[in-house]
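See the structures that follow.
You will see chain A twice below: alongside chain B first, and alongside chain C after that.
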Partner chain A sequence: MSTQPLLTLKDISKKFQIKGSKNSIRAVDGVSLSINPGETLGIVGESGSGKSTLGRLALRLIEPTTGEIEFDGKKISALGSTELRHARREMQMIFQDPFASLDPRMNVESIIREPLDIHNIGTKSERSELVRKTITQVGMTEDALTRFPHEFSGGQRQRISIARAIITRPKLIVADEPVSALDASIQSQILNLLLELRRELNLTYVFISHDLSVIEHIADKVAVMYLGKIVEFASVEEIFSNPQHPYTKALISAVPQINPEHRTDRVVLTGDIPSPSSQPSGCHFHPRCPIAQQQCTDVEPVLRNINSVTHQVSCHLATGGDLR
Partner chain B sequence: MSTLKRLIKRKIALFSFIVILLIVSAAIFAPLIAPYDPSKQFTEGLTLQGAPLPPSSQFPIGTDLLGRDLLSRLIYGARTSLFIGLLANGFAVVLGTFIGIVAGFLRGRTGSIIMRFTDLMMAFPALLLAITLAAIFSPSLFIVALVIAMVNWVQIARVIYTQTISISEKEFIEAARSLGATNSRILRKHILPHLAPIVMVWATLGISTTVLLEATLSFLGIGVRPPTPSWGNIIFENQTYFSSAPWLVFIPGFAIILLALAFNFLGDALRDELDPTQRGRR
Partner chain C sequence: MKIYILRRLIQSFFILIGVTFITFLLLYILPADPARQIAGRSATPEAVANIRAQLGLDQPLFVQYWHYLINLFQGDFGRSYLQKTDVAELIQSRLTPTLILMFSAIFIELLFGLAAGIYSATKRGKTGDKSIMVLSFIGVSSPQFIAAILVLYIFAVKLHWFPIGGYGTFAHLVLPALTLGILGSGWYSRVMRSSMIDILRQDYIRTARAKGARENRVIFVHAFRNAVLPIVAMIGIDIGIFMSGIVVVESVFGWPGIGQLAWQAIQRVDIPIIMGVTLVSAIAIVIGNLVADLLAPFVDPRIKNS
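Right after this comes the complex of A and B.
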């Protein structure tokens, strides 16, 4: 594709210093990514893999230790604080917990109107017009506007935060596990709403989730993260039909299948994700890897193209074919 | 429905509000209501043995140890006590809230330095500090209020500091930041509204503490100077007659309790009203 990527991350790292210790945690370790306009990038990984940190780094809600962020032709990583605030109009975030991300002391109207107030968009009457339009766009009614967040269910609150995120007509939305706090039945409603909005408003999503079935539903491309690094990157079809990294395979085999004929043998990983403060040598995944060999403990693999330029994997043993 | 209307609906809050209103108007209109000059010593105000008089038709709640009309002193004393209570507590709340928010919001080194300083202030025995300060400045009502404020702001700063930190870490603050809100907007729109109930409670609770501290200082001779009456120094002046004329202590004591309780109940009701998640419950 010749289109200019909307968001590019170049070699982004984030170290968190541990208080009273010389050790630091590499939450995100040298990640490079790019997302084209209109695409949805799914980021998937266990808890502790650094996926939420990566999402926050992309919006510079957390300052990266190293690396560059480019968004819509602007170097976000080089902006001053005022310029960064102005740039936020174009890039919004939807948070995981709809019970925590809405100020309980504000009514729904002020919550949804806040981005307009902050960026001084429109007159007073235009703002309330837009608020009313947006609340119906996310599938709620106008009488919700005078009420407070605690009066709504989780799904409705997430609709409110979506309304807040889309009201400035952003180009990019980072959604950090937006459905994982919701019931399964509500999850699909919210996912469908996000898909609908993407089409209507021509949005680009970075969609963070630990749930591959959710990612399969919404993403175009998938980045699989393990211990702060991307271990596999491919289109959603590639990831599900031809996963290369043993970690991806394990994740996919954990997705419940409705049709028993489609069930494959589960790859069960033993142990937990290692602490990012004491990373294993070589391939970070080798202590849990079912097919690890000597070189995996010694040499750290790099992300390399396999089969096509759009399928990248960081595993010595990946051949491009089916390893199973 | 406005906050005021809802407040009136609550009986205790309404009752407290009336009590405060009565005491405040008694203080304001003291020269009109008080039967006598509060400093006037009546020769008929004492028994032949020199003891205070019990309530009579001339002195509705009796006389004090110097033969002055207790009711008049009580009414004029409301002026002093309210003035010091409101002023000192107002100072303390404003200063404590400001310092607490600044330290809590800035965090890091600046926040730590500010809080170590408040810890230092806290380590002083409050009374000793008040005595020292009062000894340095010659006592006047204003100075007494200032001294009390200097002692009382510390706890408020502590409470506000920890609350500011805990609110700052809430996700909706990060959400506001992700929307592009300035620090000042986050402070005004998202942190202050959450602190308001706590400030409110301290603003009302603290009044009882300041009235009592004023009484203590007055007793030690570094507070309100006689013959100016305050509820505190009425009690302490007359405590020697506690067994023979207990009303001299009980009546002003009751007034202090009534004022303190009224402010507490009002503060409670106000806090509930300011919290939208509590509205309409109970």
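Right after this comes the complex of A and C.
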């Protein structure tokens, strides 16, 4: 572990004030993470778990309430607005909805070229050269450049988004559910494109998804989020072969298996994710937990190492073995 | 595209015919008697009847309307009862001042309305936004004749900054254009504000910020260009509202446009002029809407396909 992490989040929290009320929502609650260069970190969780907020916090697209963000040796959380804009060159984001994330008034060339214009990269001819190169890199043809976003399908639009994100040669890309708006057949194409680009451009990804099979395909490490907190963190192999948190187990058992012999008993969670404005006592997961005990309602568990330093779980009952 | 324009023009033709018929009907139902107006108060009933027969006003409604239409298709708008001049000529001589006033007022509406709307949207919920929304509400709800008289009283009568009325120099234009423009900008600021707020919530605005774009670029390049679409359609509709306001404002400021002409004609039941002005206003509204619709694809590339 001698390599310096590319991105480090230290005790990041984000509270959203509810209008006209004293209550606030703790969308992200004291999360610490680090990602090494070249790694892909998958963040999974239900909707409302705070995973998208965490992704945006990582790039400071929204301001954290508390905590520090360090990127490539720079304290992102302390940068002024001009420095932050310059830093955006190195860290880009791909959004979930390819139908909403592209400016409908701009043609594809302007969309992809805009980051170069903003950051003043290259001469005019170099820019258009780079735009043409990038559009082919994401598997599209140059004639797409003069057209407008609405003329493309969801998969093609997501390719345009990816081209826009990689054109400044960023080190980090936060992909917020980049394939969940797409058809299954297109999903794998986009995932493979992202994997290919990671190799070619030496990218580091933060990959946010609610779909564990997508995470399994792309991630090296996985953080499972529940109600704004990380409840389990491990390598992708560990998470899938030896999940420790009952919530992780439930998520994994919900992944459809093609081979019936591999099917395990489905852990069905009852109820919905509680509102982040009125969090349960003790372990936030206890009202839905199939194995909850008295201490779970009283004492809030903390993230602790289990088995190895790279496997962390926040559950009183996790033992490292299979406790199902 | 050509077929679309042709279809719209044919539609417009029937709309205009409808407008002439409704106006004609309303003037026919009106208890005021144009023959009595022309003849004067002391005229004998015979003289009045004579004038009525001369103008064809004793004929049934549909015969009168038919005659009007036939003449209209030959380019004849009729003659003013009182001024004895060609209505077409009268309107023509009044059109330039009205167009000057209209474009100045629309310019002011857009300038103030869009600026206030953008400002409000970016400062949503703050004091600046709230004050602008109160002001725009006053603008939207103020009757033009009261505002016009107030503006005239303060800036011309009391402060002597501008002439009290008339036409000819730029100074004459300022007060009527400001009255129409500032009242009208209330609508634009409200529409622009809600449109901007809607657009600023869009993902592509977040994308622009994630690209590292300056806030000015985010607002004016990405948000503004998308938010302005409803405004373009609104200008088309606005010309209609404008045509009714111009009657009041032109009369108050003595601006020799077709609004003032209409006001004078209404007072004297000068039917050919009222018909002519109504028709010209209707044509302006129809053209305004057509142009707004034709411009829409240039403002929003998504419209081209449909």
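Descriptive notes on the structure:
Quick note on the criterion: the second predicted complex is superposed on the first by the 324 of 324 C-alpha atoms of A that agree within 3 Å, B and C clash if a C-alpha of one lies under 4 Å from a C-alpha of the other, contacts with A are read in each partner's own complex, and residues count from 1 in each chain.
Definition applied: contacts are C-beta pairs under 8 Å (C-beta built on N, C-alpha and C of every residue); 3 or more make two chains touch, one makes a residue touch a chain.
The structure displayed is predicted, hence computed values, not measured ones.
Overlap between chain B and chain C is detected when the two structures are superposed via chain A.
In the superposition on chain A, A:22 contacts neither chain B nor chain C.
Of the two partner chains placed by the overlay, chain B and chain C both lie in contact with A:102. By the document's definition of touching, both partners, chain B and chain C, reach A:88.
When both complexes are overlaid on chain A, the residue A:148 reaches chain B and chain C alike. For the contact definition in use here, the residues of chain A common to its chain B contact set and its chain C contact set are 59, 61, 85-89, 92-93, 95, 97, 100-105, 107, 114-115, 118-119, 148, 150, 161, 164. Those residues of chain C that touch chain A in the shared complex are 202-204, 206-214, 217, 222, 225-226, 300-302, 305. Of all residues in chain A, those touching chain C in their complex are 59, 61, 85-89, 92-93, 95-97, 100-105, 107, 114-115, 118-119, 148, 150, 161, 164. Residue ranges of chain B in contact with chain A, taken from their complex: 170-172, 174-182, 185, 189-190, 193-194, 275-277. Of all residues in chain A, those touching chain B in their complex are 59, 61, 85-89, 92-93, 95, 97, 100-107, 114-115, 118-119, 148, 150, 161, 164.
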